[in-house]
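Each of the next two complexes has subunit A plus one other chain: subunit B in the first, subunit C in the second.
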Partner chain A sequence: MAAISDVNPFVQPPKGDNDFARVTDNVSRIAEVNRPPRAWYIAFGISTSLLGLFGISVAYLFWEGIGIWGNMNPSYWGFPIVNFVFWVGIGHAGTLISAILYLMRQTWRTAINRFAEAMTIFAVICAAVFPGLHVGRPWLPYWMFPIPNQMQMWPQFRSPLEWDVFAVGTYATVSLLFWYMGMIPDLATFRDRSTSPLRRALYGAFAMGWRGSSRQWHRYERAYLLLAALATPLVLSVHSVVSFDFATSQMPGWHTTIFPPYFVAGAIFGGFAMVVTLAVPARQFFGLKRIITINHLELMSKIILATGMMVGYAYGMEFFIAWYSGSAYEGFALLNRAVGPFAWSYWAMIFCNVVTPQVFWFKSMRRNVWVIFFVGVLVNIGMWFERFVIIVTSGSRDFLPASWGYFIPTAWDFATLAGSFGLFFTLFLLFCRYLPMVAMAEVKAFVPAAHASGDHH
Partner chain B sequence: MADKKKDSDQTEHAEGEAPLHGLLAEYDSTAALIAASKKVRDAGFEKWDTYTPFPVHGIDGAMGIKMTKLPWIVLGAAITGLTTAILMQWWMNAVDYKYIISGKPFWSIPASVPIYFELTVLFSAFAALGGMLALNNLPLPSHPLDLKERFAKVTDDKFFLMIQAADAKFDERETRALLEGTHPTVLDVVLEDRTSPSKLPTGLVYGLLIVATASLIPFAFIAKARFAKSEKTRVHVVGDMDWQLKFQAQQAHPFFADGRAERPEIPETVAVGHLREDDHLFRGKEQDTWARTFPTSIEPSADALERGKEKFGVYCAPCHGFAGDGDGPISVRAQELAEGTWVPPTNVHQDYLRQMPVGQLFDTVTHGIRNMAGYGQLIEPEDRWKIVMYLRALQRSRQTSVDDVPEAERGALK
Partner chain C sequence: MAEDKKPNKPVKKAAGPKQGEPPKKPPANVEAPKDDFDDNIRLGLDADRVMKVAGGVGAVSLVACLGLGFTGDAKRFMFAYLTAYIWILSIAIGALFWVTLQHLVNANWSIVLRRVAELMAQNMPLMALLALPILVPTAMGNDSLYIWVNHETVHADHLLHHKAPYLNVTFFLIRCAIYFGFWVLLSRYLFQTSVAQDQSKSPGDLAKRMQGLSAPSMILLALTLTFAAFDFLMSLEPAWFSTIYGVYFFAGCVLSFNSLFALTLMWLQKQGRLVKSVSVEHYHDIGKMMFGFTVFWAYIGFSQFMLIWYANIPEETFWYKMRFTGDWRTVSAILLVCHFVLPFLGLLSRHIKRNKKTLGFWAVWILVLHYVDIYWLVKPSLHEETLPTGDLLLDVTAIVGMLGLFLAGAAYQAKKVRLVAVGDPRLPKSLAFENF
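Coming up: the complex of A and B.
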């Protein structure tokens, strides 16, 4: 037998004599096989290499200072904040799927919510890294928190940057709680199926002694509903608060009231694009096609199309308002985006975010995994460029022509960006390997046999 | 099914000693479980439960489960979170550490709303998860059901119902008959768990207590630092603010030919605003002798005297005293210490100072004399002249007669 089996262990149909058992086996065996498929090893190798690059970039940054990046007068925000907003945006889809679709009783969410939530948490981790690095003295970010320190100072709560600390911090915490609570019953399944004492102890510790009591399920479901109701406004608030960083400033191109809804729509758009980018290979390699069906991918494609149109509308409305307001600076800032020195990034954004999703008007395209995957990748690129366009073009052409400049990223900028993808995918692949990728208990609740009594409300 | 029942009867006898915990019935479908639950509910049992791999639709009604009080706990947490956010922002930014930012009020509702919202949600989310776990008695490390190998299927595809022997209505024979009437696939007895330890090992408990206590030590140091005074410089873990990569005065510099980091003024040049040609105004001299008049730009007025008084109070009074008698607080303190090194400051009411030309007084303020330092670097020339003017007024105040008062107001003095 080869060191790594060439045969994907997940191609066989799952074991079990009823639908519930088959769902259990289909999901649990992914974490139970000794050797995951070769694709997992290849992906993990690439991801950990990039994670190493991230470690080197951050170590060099700590040693040398943020001068290694291209942030320079007048564009101080540069890549770190572009990456921060990009990753926070990615992190929106998970909780949207978990919370908003739950409140809307969209039962198809059960197939994808768990790994979308995991994606959210890992994306928020990647996001949180960047402002911490960007403050210039990365050992001092604790100044942002209201903790008593030896300097007798407190944070300044009237600043949108401080609101960000609370918004992103709360979002990360609530997403983690939501993710963990949803996983408790599935961790109990892993515990009960485990054959080794170590697995039993570890999964058992995190399952907290869950035994599926109906009296417990009653409180559990109520808690889940409450968390969903709490997380729903939270999802909408996080990117709104991030957009305040820009909208409450006076910079032309930033100082607009459309920013909060525009940022939220863009975040959902980018987040769903990342979900399909991950879902297409994951269902392929882990044998989850029976659970994450092509119908799920089609529904997500529709959401991408809808949110893509909203984002396109926002791009158009920005131009309209710039003209309608009669503000010379606003008009210049927008024209500068489309025809100025960074026009290439603007048109890359328009192509990826507005043009490519239009293929989803066709059903055949919505049901073609290759098309879905590539549109997902392009939308991710486009959404990164959107933040680049907002941050860099406005920053490099402010009120004083004397201080104008051109932003040139350095190799370390790219290394840190690539490294953050390494961090994200390493965490995601470890999650696929060791934790329940699909919310088994929730999926079981919606298989037809769960309602065999004819008990439909 | 009859065979299975016999099996379970045998296991009951084999296990013997441990007391009975309850009767466990297993079902294949949610429909069978719901039907059984309704019967058990109607029989009036209280200490019983069903166990399922997923939340079964309709089981709450079938079991008669009452609405949990969890939402009220979460509401309480939400109100706590909101209150915390309001008090925190108000106290930290408007009371304990006021700082002025863009002319905004120290505390106002609009700028505080985002954090009200975030902390409300944060506290509520912790209460939702924590409250759910607490009400459910989780974490629960061991349970008598864990001894049943078959029960592991509860997180997979099987449905269970257990009535506890502790229930007031429990009677082994009657309850068994009741459960048999619900047609379970398996009916089994559950015995009390006597093998799993019911407490954590003592060593672990003490270890955790020690770790918990030790984790408070850094916070104790921070608290101490906040309320104690220290003469030592502040600790910086990374000292890049204390030792900056820059050249300071008196340091060597490898780049310049003379090796000095401090650059001399370039010969034959004058910085903008530093020409200072007017000898009278800038040096207090007229044709190389001390000026006896004030420069024309310094006109005597109540405003000029007020300005002179203010600057005199800042720069001169600490040593010379507010009335110029040489009894400022620094001098008084130095004489109390009686270290023998103190040269007492001059009393400005002495005759030779009354007769000294104003230009020379101006020069003394600018460059200092004996132990007195020069204040030319700190005080603008116009203000130095106003100090001198105020000094003249102070001197005059000790040598006045009724003739100095305007005739119209002399009546008020009598």
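Coming up: the complex of A and C.
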């Protein structure tokens, strides 16, 4: 940073006569300057490389078949489903921030909601890829959808896997609408500030003729409230349905009634961890520290701590009831997690998800960006391991010891996982470069100047 | 409004509505200390009235219930008593949770309401006392409620034997002592600190202190609530288990508390208290909580049912089988329709939440249905297939008795303090609060 600070537009204070203008300037110039910060190029280079790796992995997968992965009797689900659940979970923070925190009047969310929503969309895209790859017949994914056909072939509506298709599909649709609709006033700002005809045409098209009249604002606020109310149950439903994939079975370690709320809490936990993981560098490199302040990071740290405790509660309940139930299989499944062949993954999960967030009990830690970033990364790792523990540990040792096995991932498993991060970060970096990263219009409603007349709205 | 708080300011003589009275005549109740607050925030004589009426009716009713219990069938009495007890206990826990939560999240909108919830949570010692008719017989080895109390039953049953390290009388009593001890301590601390805040010169520090304590308290509250639900309710069917059970009970606690909370505030305003401070905006928010937790309750209830139904493992399904046979089938259907579908539709509109009459209607409705929910959790263990309509008198006396004592207990506490946390620095924000 220091080397280019003389010419770096991102470290200069935003221009403008008042707070409103300064917010606009601070956010808009990210997309308007000729060159993004050097860190963006470095990150984009890494991300596209990983995306290339993803392309190679998928191409080889389609060529060779899913035998290239470690999925093998008795662990049929392996990495693809671990990754699917992981990415769906990441997507939850965006909707929580834009819908539930909105309904709860948490005005601080305005600084982070836009890119959390963007993150949601990209995470759902990453998630949606994996079931499609996992079925192993890439020419038939439309079979997942109930499309009327002459052969009267229908998906199995009684299967939670099919409910997943609908749950994730609904979620992606509503999140996309929410994200896009919220962006319209800001896209209009970009349009109005654009200096080239191409930008004017593109932003203008996507701004859908927004002029900012009071009638338009009234409609906008109404639509936002309605979408928030509609999206709120989705925050709970999507990961609940994902948890049904496991909990409706009879598999020890999968079949337990706390799974739906436990998965939801875990998803919000992991999602917020990803938000801080992205927010800390983004505010640093794009000069957004005046908008995404340390106070925002502190509040997010608190949410990570709270949801981490909920996840810890669920781990505890699973263990207690596994013993209390008196079911030999259930008891074994949980014991097998803690001391079995995959114990390392279980304790990695406990360490990352339960132990590390405890540093957020201290205010100094909640206000230290390095600590926040580091804990965010660890929680992401922990949440990935949580899905690994659930899927692989239970699957590899079920009722019949004769069919037990050990799951060994292949290099292609890791390549696909790393590649999915490439896909995610590439999309995210493009978003940072070309779209309004912060909801300018919403932030402006809460800057001090908006309350100069002393009203309390 | 009450923007300027001067805590230790001498009483202004002219502020009182009654001019001609000599100041020292009524010693305790009537308009005792004048607050520097532009509203009637002392319960005064009405506290005595509640204590007399609700307390009197409650005590008589509860004695009648106990009398019926001693003369009639012990089992039927115990199950009726437990049902009503859990109903009222869940409201008290809900109140304690609500107060802790407001501190934890540093809420502004609710400050003006906080004291009333604190007063309801103050009933925890009474809750411990009311638990005695359950705890004493159990401690003496009576297995009317919990079959795991009986050593012979336990030895004859492999599962119960397995669970004996947890489900035994000694450990049960120790756990109960921990639950009630923690609840009493927490409610006391939050109440007393909040009252001290009324007069304090540094109310902000006290607010910070309460916020700081609420975080670890919330963890303990979650654990005590969960295990209390396991002990009092789930262990009625000791073979059965469900990891979500604590969350299900929690949903009922918050839902029923918010309903009684709305009704209490309405009653207070009818008596001329809090008229200027509690506005329709506050009711609207309580209504949102009622709506939200109606849905949350259904979500948790559905999750538990659907997963057990789908997996179809006999160790778990028998619990629902009991509730899907005979009369209980009807009760299950009533829960689905009246505990979820109707209040969901009924509370959806903001006009309903902003109208005291309609909100009050749904609050009563939810409280009744919450009782049905507890009834449905407790009674099938004793009464298979048929509803114990013969125990109606037991049920009603138990409900009236406990609710009466609960209200009297809150009024007793209310006598000594203001009904609004006037010292809280966030109070102006709460008074000026508006929904957008």
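Note that in this section the second predicted complex is superposed on the first by the 445 of 457 C-alpha atoms of A that agree within 3 Å, B and C clash if a C-alpha of one lies under 4 Å from a C-alpha of the other, contacts with A are read in each partner's own complex, and residues count from 1 in each chain.
Heads up, the rule we're going with is that a residue touches a chain if its C-beta (ideal position, glycine included) is under 8 Å from a C-beta of that chain, and two chains touch if they have at least 3 such contacts.
Just so it is clear, the structure is predicted and the values come from calculations on it, not from any experiment.
In this overlay on subunit A, subunit B fits alongside subunit C without clashing. When the two structures are aligned on the shared chain, A:Ala450 is found in touch with subunit B, with no touch to subunit C. Within the superposed three-chain model, A:Pro233 lies in touch with subunit B and with subunit C [touch as defined at top]. When the two structures are aligned on the shared chain, A:Thr107 is found in touch with neither subunit B nor subunit C.
Counting the residues of subunit A that each partner touches, subunit B and subunit C differ, and the larger count belongs to B. Contacts of A:Phe244 after superposition: both subunit B and subunit C are touched. In the superposition on chain A, A:Ser403 makes contact with neither subunit B nor subunit C.
Judged by the touch definition given at the top, the superposed model places A:Tyr313 against subunit C, while subunit B stays out of reach. Using the contact criterion defined above for the overlaid structures, shared-chain residue A:His255 touches subunit C, although it does not reach subunit B. With both structures placed on the common chain, the touch criterion links A:Asn295 to neither subunit B nor subunit C. Shared-chain residue A:Met181: touches subunit B; no touch with subunit C. Superposing the two structures on chain A brings subunit B to within 7 Å of subunit C, judged by their nearest Cα atoms. Residues 233, 244, 457 of subunit A contact both subunit B in one complex and subunit C in the other. Chain contact summary for the complex, subunit A toward subunit C: residues 103, 105, 233, 236, 240, 244, 247-250, 255-261, 309, 313-314, 317-318, 321, 324-327, 361, 456-457.
On the subunit B side of its complex with subunit A, the touching residues are 29-31, 34-35, 49-60, 63, 65, 67-68, 70-71, 74, 88-89, 92-93, 96-97, 99, 101, 104, 111-112, 114-115, 117-119, 121-122, 124-126, 128-129, 131-133, 135-136, 138-143, 145, 151-157, 222-223, 225-226, 234-235, 237-238, 240. By the touch criterion stated above, subunit A contacts subunit B in their complex at residues 16, 18, 20-21, 24, 137, 139, 146, 148-160, 162-163, 166-167, 169-170, 173-174, 177-178, 180-181, 185, 188-189, 191-193, 208-223, 226-227, 230-231, 233-234, 237, 241, 244, 440-442, 444-445, 449-455, 457. Interface residues of subunit C, counted against subunit A in their complex, comprise 109, 158-159, 162-163, 166, 215, 219, 222-223, 226, 230, 239, 241-247, 288, 295, 299-300, 303-304, 306-308, 310-311, 313, 315, 429, 432, 434, 436.
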